[in-house]
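Take a look at the structures listed below.
Each of the next two complexes has subunit A plus one more chain, namely subunit B in the first and subunit C in the second.
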Partner chain A sequence: MKGGSNVVIEPHRHPGVFIARGKEDALVTLNMVPGEAVYGEKRISVEEGENKIEYRVWNPFRSKLAAAILGGVDQIHMPPGSKVLYLGAASGTTVSHVSDIVGPEGLVYAVEFSHRSGRDMLNVAKKRTNIIPIIEDARHPHKYRMLMGMVDTVFADVAQPDQARIVAINAQHYLKNGGHFVISIKANCIDSTAQPEAVFAGEVKKLQAERLKPQEQLTLEPYERDHAVVVGVYRPPAKNKGE
Partner chain B sequence: MKKHRMKKNPDHDLDKNTNDYEPTDSDDDYDDNEKLLLDRAKKGKSFAGESDDDDDDDSDNEEGVLDVYSSSDEEEKHAKQNKKGIDDSDIEGMEDDDDLPDVKAWGKRKKNYYHNDYSVDDSVGFSKEAEEEQALMEEKEARTLQMRLASQMEDVDLLGAISKSDKSKSKEDASSEESDEEAFNIEDEMIKQDLSKLTKREKLALLQKQSPEFLGLVGDFKERLKFVIDILMPVSKLINCGHISRDTPASRFVSMKNAVSLNYCINLIFYLLLKRKGIDIKGHPVTERILAFRKTLEQLDHLENEEILDQLKQIVEVHQSVDDLNSCTCKFGSKEPVKQKKMLKLLSKTANIETSNKRTLPQDNEVNNKKKVRFEGDEEESPFAKNLKAKKKKKEEYQEEEEEEEGGEELGEEPSFGEGDLEDGKRAITYEMAKNKGLTPRRKKELRNPRVKNRNKYRKALIRRKGQVRNVVTESSKYRGEVFGIKASVIKSKKLK
Partner chain C sequence: MDVNGNFLCFHNTLKLEFYTLHPKLFTSALTNQLLGLSVCLLIYLKHQDNAMSSWKKASKTNQKTHRERHQPEARAHLGLLEKKKDYKKRSNDYHRKQKVLKILRKKALNKNPDEFYFHMINSQMVGSRHKEKIKPDTHTPDQIKLMETKDLKYVNYKRTIEHKKIDKMQSSLHLLDSANQVKNNHTFFVESTDEVKNFNLASRLDTHPMLLNRKTNRVRNNDLQNLSLPQVSNESLEQKKKVYNELEKRLNREKELSVIQQKLEIKKFLKDKTTKKPKQIKPGTKDAPLVYKWEYKRKK
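So, the complex of A and B:
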C-alpha cells in the first residue's frame, strides 16, 4: 500500500469494513487501539481535523474472513455492536479485526484450546476491551458457560473433522434463534481423500441436519486452496404463511 | 514248467485226482482257460521246430499225477531223449507239414528260437546217421532259401547269359538250371583268401570260382570293341559325312549297331571298374543294362550275315585307300565321284539283302523299330530347348516391331496417345476412387490423433477455469493489497437452498 496521501478510505458493503484505495486496493478495518499493530500489519492513519483515525490493513492470506469478504461473500452478519462467538481464535489476528468491526459496543467471545496460541490471543485481548478470551475446548461449550451470553453470530475456524457438530453444540448453547453462523471449512481436515466439492457438500448436509440452515457457500481462491466458507442462519423464524 | 507246478502242491492235485481219476487224459485236470494256455504253449514250441518237449511234458504230467516220480526223474529223461533222437526225424517230418507255420513268417517270441535247441551235452547221444540226416536237412533248407533269393534278383544272371553265348544255342534250356546251381555253390563257398600267396593258376581258378562271368565278358568286350573300331566307326563316319546316303536300311543298321555296341562297351567298362574296386556287383543295375544291351546285340547279330560283313569290310578298305590317296595327292579330286558310285552300288546290294532279311524276321524288326523310336525321341527337342527357341522368336518379333515403329516415326506418322490409351485398355481410376472416401465429411487435422485432441481439450478447459476459479497464489514478501483492486459490490458466493 503505497502512495501516501493518495490513499482514499471508503466503506465496504459490509458495515465496519473499509477499503483503502491507492495504487493497490486493500481491505482495512478501523483500529480500535490506534498506534498498535497486532501482527505487524500495515496501518493507514487518517487525520480528520483534530481526530486522528488509524486503519489496519486486513491480510486475506492470514484471515479466512478477509478472504471471504474479498471473494465476494454476500453477508458476514457482524455489524458493529453485534456479539460474536469466535471458535478457533488462534493467535487472535482475525479476532482483532473482528473486534475492530463490532466496535466498542460489540463483543467477541474468542475460544481457543491451544495454550500457546491462546497466550498470543490473550495479549491481543488485553488491549481490546471487547474481546473475551476463553481457553477451552470448543467441544464442551458448557465449560465456558459462566463467561458467555447469547450471541448474534457464531464464527468457526476450528479445522476439525467434527466441525459441524462443534458448531451445532455451540449454536445450541449460545446462538440466538435466527442468529447466523459463518464457518470456514478446510476440505483436507475433514476428508483428505475425497474431492473438496464433495466434502463441502457433505458438511452442508451435516449442518442442515443440525438445524443450521446454510444460505451461501464460497470458496477462498486465490488465498486458500480447497477452503470454503459457509454462511447460514440458525433456527430461522418461520415464514408467515398468512402474509 | 508244468512239472514244477505239479510238484509244488502235489497234495492238492492228489485230492483232485482222487475225485475223478482218469490217467489216460491228463488234460481233464485243467479248466478251459488253462487248456487254451497249454495249447498255445505247445504251439509256441512247435513254432521253433522242436516238438520233443511236448512228449516229455505229457509223460511228465502223467507221472506227476501218479506221483510215482521221485529221484529217478532225470535219468529216465535222458534215456527217453536218446531214444527219441533216433525217431526224431520222422516226427519232424510229420510236424513240418501240419504244425509249422509259413517258413517266411516270423516267430512271435524270441524264446521260440533261442535256448530251445539241444545243448552240446544233450546231443552227445546222437548217432552219426542222425547227424548226417540233420545236416542234409539243413542244407536243403538253405538251398531253398537261396533259390528264393535268386528268384528275387529280377532274373539277372550274367553267368547264365555268358554260358549261353559260349555254348551252342541249342543247349540253352538245359544249361540255365545248371548254371544257377553252380552259381549258388560258388556263392556259398565265397571266402576271403590271401591272394598274394596263390600261384597264377590258383588265382585264375579262384577268379573262375568267384566271378565265372568275368573272363567271358572281357573276351566279349574285346571282340566288340575291335569290331566297332575296325568297321562300324569308319562306316558310320562315312555315313555322317554324307559319302554314303543315310536313308538306306543298311546305313541305318550300321549306325544303330555302332551306337548299341558302344553303349554295351561303356557299360562293360563300368562293370570292370566295379570289379577293379572290389565292389560286389550282385544286384547292381549295371548288370541289367549289360544284359539288355547284350540281348539287342545278339538280335542284331542275327540280322548280320557274311555278305554284309564282307561288304562293310570292303567299304572300309576302299575308303582307307581313298584316304591314303587323298592324303598323298590332294589334287585328284576327280576320282572321288567314281569311288562313291562304287560304294553306292555296294550299298544298294546290301540294302536289298537287308530288306529280305527283315521280311523273314518280323520279331527283330519290332526291336529295331523300338530302338529307332528311342533314337528319334532323343533327337527331338527337349522342353528347355523349345523354350529357348520360343524366346528367341519373340525377341526377333519384338525387334521387328521396333524397327517398324522407328520406320513409322521416320515417315512422320506420330502415334496418337488417346488412341493408344484406348487400345491399351481401361482408363486408370481417379485418386478419389483409389482412396474410396465416399461421402465422409472433412475432419480437422487435430482430430486425427486422439492424444493431441485430448491435450487440446485440457488446455482449453484450463483457460476456461481461470475465469471461473482463480489460481491459488502464496503470499508475496509482504502483503501490499489487491493489485487488481477491490470491487465491494460483487457477490460471488453460491446460494444454498
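So, the complex of A and C:
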C-alpha cells in the first residue's frame, strides 16, 4: 500500500483499550467474539501480519467509562485478568467493552435491576463467558452472594441519589481491601438544583465517610455535561505500619 | 371518376366493365364508342362526392403527386414563395383578428358610459398596463392555528432526522482532536500540603510531559519505548476530514433547527388568549428565542 495504511491502531494508556486513527477516529476495544457486534456498533478489522484482528468501536457519547478514558483519567483499574463488579449494567453495552478489556481471564459481574434491560444483558452474556449477569437490586448485595466472589474493582453507574451508599455496601461485601472503585456521578440525579461542582464535592464526602478514599475526579466534557467520574481506593492498607 | 372528370376503366375478373361518366363529358361521340362494346353496362351517376370517395381514393394511387413550385429564379428578388401551408396560417390569423375587431367595435358602439363594472375597482394600472389587484387569502383562526402547528411539526421532524444522523455519525467519530482541546476538570486528591507543593502531573500520570495536552491517550513511559506506529496514508486523512466536515454542517443545522423550533413554540404559546399576557424577560436573538414569563397558575 502506498503512503501508509488507512487505519492505524494505537494502544491506549489503559491496557485492553485502543484508538483507531487514520480513516477512523475512534476509541475501540479488541473484540473478544470476532465477527459479532453486541448492540449494532461498528467493527474495524485490521490485518496484522497474517491474521486479522477485529476491534469494536466504543462510543464515548453513550458510555461514561469511555468518556472518562478519553478525558484523560489516570486509572480505570481494569487490567486484563481482573475481576470487576459493574453496578447498573443496563443493556450491557458498556459491560461488553469492559468484558473485552478484562479479557477471557477476567470476570465482570454485571448487576442490573430492571428486567427489561436485564434481558438484553443476558443475551450479551450468552456470547461472552466472562460476564456473569445478575438481575437484582444493587441495594441488597447479599441477595446475589451465591454468584459472587471477591472483586478487584467496583464500577458504578446506577444514576441514583443514594449511589454512594450503594457502592459502599457492595464494597463491604465484595471489594477486597485495597481494591478500587470507579463511579460515574450525574449531577442532576443527585440534586438537580445545586451546582454540579457542589454535588460532586458532596458525593466525595459521602464516599470518604464509607472508607472509600477518592484519588481523582474528572468531568466528562465534551462528551457529557455535568457528569464526573471519581476513582479511588477502598480501605487502603495503612501506610506507616509496613514501613 | 375523379375530380377532373377523367375516365376510368377497370377490367375485373368478371370482365364486367363499368363506366361512370361526368354529365359534362357524356358526349355523343364517346357514347357511340362505348356502346360498341359487347357486354357493357352504362351507369350514369349524378355527381356525388361521398358516393364516389372510394373511386377517388383508388384513382389517386397512380396519380402523380405534384409538389408546389418554388420561387422562379427570375422572381427570386421577391423572396421565398409562400406555400399553401403558410398561407393558411396567415389567413386564419387574419380572420381571427378581424372577428375580434368586429366584436370590439360592436361593444364600443353599445357601451354605456354611465355603467359600473367591478373591474374598474378590481384592477389597477401598473406602469402602463392594467393588472388585477391581488386579494389576500383569508383564513379562519382555526386554519391559521393548524398551519402553524404544521410548520412546527415539520421543523420538529427535520430536527429529529438531523439528530439521528448526527448520533449515527458520532457513534464512530469521537472528535478526538477537539476533545484534546476542550477543557475539563481533573482533580487529584492528595494526602498532605507537601504533596500539593511538589505535585508534578507528568510524573503522577507516569507519562512524557509532551503528552500532557494529549489527554485522549497519554501513553505511559514504559509503553512509549516499545511504541511503533505505522504511517497513516494521506487519502485516509482526507476521507476523515470530509466526514468531519459533514458532521459539522449537520451539527450547525440541528442547532439552527432547534432555535427555529423554540421560536415557533413561543409564538404558539403567545397566541393562547386564555392565560394572562406573559412578561417578556429577554429579547430574542439570532440563536435564542425571546424569553417570556407566564404567571404560574395551579391547574388543580
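In this section, the second predicted complex is superposed on the first by the 230 of 243 C-alpha atoms of A that agree within 3 Å, B and C clash if a C-alpha of one lies under 4 Å from a C-alpha of the other, contacts with A are read in each partner's own complex, and residues count from 1 in each chain.
As a convention for this text, a residue touches a chain if its C-beta (ideal position, glycine included) is under 8 Å from a C-beta of that chain, and two chains touch if they have at least 3 such contacts.
Only a predicted model underlies this, so the values are computations on that prediction, with no experimental measurement involved.
Following the overlay on subunit A, a clash is recorded for the pair subunit B and subunit C. Contacts of A:D74 after superposition: both subunit B and subunit C are touched. When the two complexes are overlaid on their common chain A, residue A:R225 makes contact with subunit B while staying clear of subunit C. Of the two partner chains placed by superposition, subunit B and subunit C are both touched by A:E216. In the superposition on chain A, A:N6 makes contact with subunit C only, while subunit B stays out of contact range.
In the overlay built on the shared chain, the residue A:I19 is in contact with subunit B and with subunit C. In the superposed model, A:F61 makes contact with both subunit B and subunit C. Between subunit C and subunit B, the overlap after aligning on chain A sits in one stretch of 188-196, 224-232, 260-268 or 278-286, namely 188-196.
Where the contact sets of subunit A with subunit B and with subunit C meet, they give residues 1-2, 12-13, 19, 21-27, 41-42, 57, 59-62, 70-74, 204, 214-219, 221-223, 232.
Residues 1-2, 12-13, 19-27, 41-42, 57, 59-62, 70-74, 204, 214-219, 221-225, 229-232 of subunit A touch subunit B in their complex. If you check the complex, the residues on subunit B that touch subunit A are 469-475, 479-483, 485-486, 488-496. Taken in their complex, subunit A has these residues touching subunit C: 1-8, 10-13, 19, 21-27, 41-42, 57, 59-62, 70-74, 204, 213-223, 228, 232. The touching residues of subunit C, when paired with subunit A in their complex, are 167, 170-179, 182-189, 204-205, 207, 215-220, 223, 227, 229-237, 239-240, 244.
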